[in-house]
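Structures are listed in the sections that come next.
Okay, so chain A shows up in both of these, paired with chain B first and chain C after.
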Partner chain A sequence: MKRWAQPAAAALFAAALLLLWQVLAERQFISPVFFPSPSRTLAELYREVAQGQIWAPLEATAYRMFCGWALASLAGVLLGAAIGFSRAARDYLEPLLDFMRPLPASAMVPVAILFFGFSNAMTIAVIAFGAVWPVLLGSLHGFVSIEPQLADVAAVLKLPRAQAFAKIAVPNALPDVLAGARVGLAISLILAVVTEMQASQTGLGQNILLAQRSFRSPELYAGVVTLGIMGFAINHAIVLLERRLLRWRGAPA
Partner chain B sequence: MNRIVIAALVTALAAAPAAAQNPKANIGYIGAADFTPLFVAKDKGLFDKHGLDATLTRAQIAPNVGPAIISGDLQIGMGTGPNLLHAAEGGLPLVAIAGASRMKKENPIAGLVGRTGAPIKAATDLRGKTIASPGLNTMLTEMLEKWLYDHKVARNEYTLVEVVFPQQHDMLKSGRIDATITIEPFRTKMTSDGTGFNIANYVGEVNPDLLAVLWMSRRDWAEKNPAAVRAFRAAYAEAIEWCRSNPDEAKKIQAKYLGFASPVNPDYGVEVKLSDMEFFEKVGRELGKLRGPVDVTKLVWK
Partner chain C sequence: MRRILRGAAIPVAIVLLWEAGSRAGLLPMDTLSRPSDVAVALVRAFADGSILRSTWQTVEAALSGFAIAAAAGILVGVILGLAPLLERTVAPSIEALRPVPAVALTPLTLLLFGFGLRMEAAVVAFACLWPILLVTVAAVRGIEPRLLEVAQALRLSFASRLRKIILPAAAGRIVVGLRVALSISLIVAVTVEIVMNPRGLGYGMIVAAQSLKPDLMYAQLLWLGFLGWALNALLSRAFGRWHGAFGPGVRP
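Moving on to the complex of A and B:
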């Protein structure tokens, strides 16, 4: 009974918001030119799906997002592990990373264009730069904060460094790494859209920008809704992955 | 004698509130040489003379001007033909009330420049190339698409990327783009230092007398303020004449408002013809930028 009650309540809440949107739009609370009703927005989305217009930009955006995120996650885990596990790496890299972390990724677009041109490689580099931080910090925290008792166990058992890493450090870091990767995925989607807008790469981001410039607000909102659905789907995918990978922890208390 | 003084006083008193009641208009423009007559009309008091209380407001980019007119921040604002057509299709009640500038074949202030060494001689050589545009879906870009379309080069055979005018030189030099849509003075800079070469005066080939920039307002504002529209047009026409007879002083006023004096200037013109908008409408439909026909007779204010 309770298992479906909660999602049903959430769906009902979303439906209520949708209804409010429809009423506000119909009352012309804001000019319908800039604020289309959900029915007009969904009709436009339906038209794009029916005519097959949506798939190419959706695929382009998803591809960039995924590649950028994968690169960011890989680099984040490797760097995080290196810094967390080695005193020397921490001394050399930490100040540099602290310096780079606050740089806005979208400000890197012009630099990336000069290096990679107007290409997918450029977009992926920018996404990876922006999305690496949550994974990096998560994995750093995960590798540093090993339970003292577990460290003692490793010492008592005289585990070699490599085995201690694989059997104790990695499982300990995994929850933090996955939490970081989840945040990183959302950032990747945002940056995929931003770079498409800034560097004229075809995709959902560019479609939204062009729709805005041509005063096609239903098309603009249809793009935003598509991004929302994408965000919802990828977040759920990674939650499922998390549950699977962390099954050994048992249900949280 | 007294009578004359009293008569003069009465006239002055009657005139004072009349002058204060001049219709107000906040006019939006962007930083370009096309708007020199606007600066002159303001600077030389021509708007006041013709009965318009005008304030000038500079917008950062052209796409922001239309929404600002709709929201009521601006009463009059700059735009282009394609801009107005997209607005009409999107349901924005905007009309063209006057012209601002034209691009004539004999005075090509915009063109297509190729990277030195790139094997581009004709439109068909642009297949597979990356071309920079100052803004996707802008008038200059749409005219390039039309030029390529006329030469049987399909839209999916070339890549368009957005690069603002000041960055085009470096992009061309670094080889990240093969060609670029550009305007003066950027074009002369690229071609004179050997970075690029002129491919074509494509705008002139597409239309030898093109309406480049126009002035728009909300339809209901134009309906309620016919005197303001007339005053704007009259002041603008006089400012254009003034620019023609005082080119050096016009340049100074231009520099005062823009921060730079443009080495070349477009052809100013206050007229908007129905045929101007018909041309853009036809091109918009040809290129698939418009989803259906747009009734242009409703877009040009009589």
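Moving on to the complex of A and C:
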């Protein structure tokens, strides 16, 4: 099998799927109201990009997503480090966190609305609540799972606690923290969309909702495609960042 | 014992401060309510059966979506796991669909199905499909090749190969994917209800908040937290047993 055959087959498969959809929609085998043809969706997407309509909601969604995610990552790393390092902190916090963790973050939307009204603060609070868990668990695991030999080295060298933390614990936790942050970012995007839909905040989520209410389905699909591309892009951006920050580990794990 | 006391310290302190603060008039009643009112609202919601009814609506949608995703995910996953060439052909298309946030599909499912159980289950199924599918593909591909050779030597038919070799050998890892998907299903169901579907616990919370009954809203939030916690505890226990029965033990 030649090297290009496999990617070519994959591309062909994707193209065939889209073509099938296109034909079915044009022949009206499937309702163009529910499944507009890919070409109409693409044309709509192109129009939005060309006329610049897409940037304002994209920016609003991305802004909320990043604020909530940054807050969640910071809180997650600190909490994880505290719980990982101190037995007492673990005893005090673990049952409470265990109860809060399976709570759907979207269930915090009504609570956050009561506290913050329909504002960016509300959105960011909900996103932070939802995205904190993977970072927290990652950082907890990273700080707990220090190799005993490394701890021995620190003891032999009589490293002060602060230095042992910076030189051994942090590098050890970094891969887990970054993996958690990656999951957290995906959650942040989802929650940004959820809060926009529920609380009528401008953004991609609200655009999709408005498109549906007025039966402009190509616009709806264009919005979904944009979100898909966004999710794909941020995931890859973090993977690249991970590779850069973890270069010292050598071969990727 | 000390751990239990320490673990209870913060929640108890929060409840006491909350109750005392609102009795002293320091906390706004219209957003925070107070713990005693929340407890009363919870009891009342159980007494008139409303919370059990909405819990069932949520669970029904979550389980229906999960069942659809499990059936489709395992079926397609086994096929793709057995045919690596096909898998590599389809994988990029799957990777393109996977990052679409499931909730972004709620408007679409509303167009297709209207309000109700079906739209909610469809969104849940989309969200649950990916973990099940990916884990199944990996699990089937990770089956000890000698097991498959045995099946070939015995000239088992495809159906009995599936039933006697493939599914038992892959079950341990597939269950991991099912477990992840089951927790996702409850979260997505509540989310769809909060965003638009007028049924279930999520919608109940929205209605309580909008009709200025924060006590009822917090009561439902507590109940939801308990449900999630119970589901997780149940799954860890069941999962531990599964792993014991079907984990490394089946290796030849």
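In this text, the second predicted complex is superposed on the first by the 224 of 253 C-alpha atoms of A that agree within 3 Å, B and C clash if a C-alpha of one lies under 4 Å from a C-alpha of the other, contacts with A are read in each partner's own complex, and residues count from 1 in each chain.
We take it that a contact is a pair of C-beta atoms (placed from the backbone, for glycine too) under 8 Å apart; a residue touches a chain by one contact, two chains touch by 3 or more.
Worth saying up front: this structure is predicted, and the values here are computed from it rather than measured.
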item	value
Which partner, chain B or chain C, touches more chain A residues	C
First (chain B), second (chain C), both or neither touched by A:R216	first
Partner chain(s) touched by A:L114 [first = chain B, second = chain C, both, neither]	both
First (chain B), second (chain C), both or neither touched by A:F34	both
First (chain B), second (chain C), both or neither touched by A:F13	second
Chain B versus chain C as contact partner of A:L93, first or second or both or neither	second
Which superposed partner A:I190 touches (first chain B, second chain C, both, neither)	second
Set intersection of chain A contacts, chain C complex versus chain B complex	33-34, 110, 113-114, 209, 212-213, 215, 217
Touch list for chain A against partner chain C, complex	6, 9-14, 17, 33-34, 88, 91-96, 98-107, 109-111, 113-115, 186, 189-190, 193-194, 197-198, 205, 208-209, 211-213, 215, 217, 220-221, 223-224, 227-228, 231-232, 235
Chain A contact footprint on chain C (complex, rising order)	2-3, 6-11, 30-31, 85, 88-93, 95-97, 99-108, 110-112, 183, 186-187, 190-191, 194-196, 202, 205-206, 208-209, 214, 217-218, 221, 224-225, 228-229, 231-232
Chain A to chain B touching residues, read off their complex	31-34, 110, 113-114, 117-118, 199-200, 206, 209-210, 212-217
Chain B to chain A touching residues, read off their complex	63, 66-67, 70, 86-87, 89-92, 130, 135-137, 159-162, 167, 170-171, 174, 176-177, 289
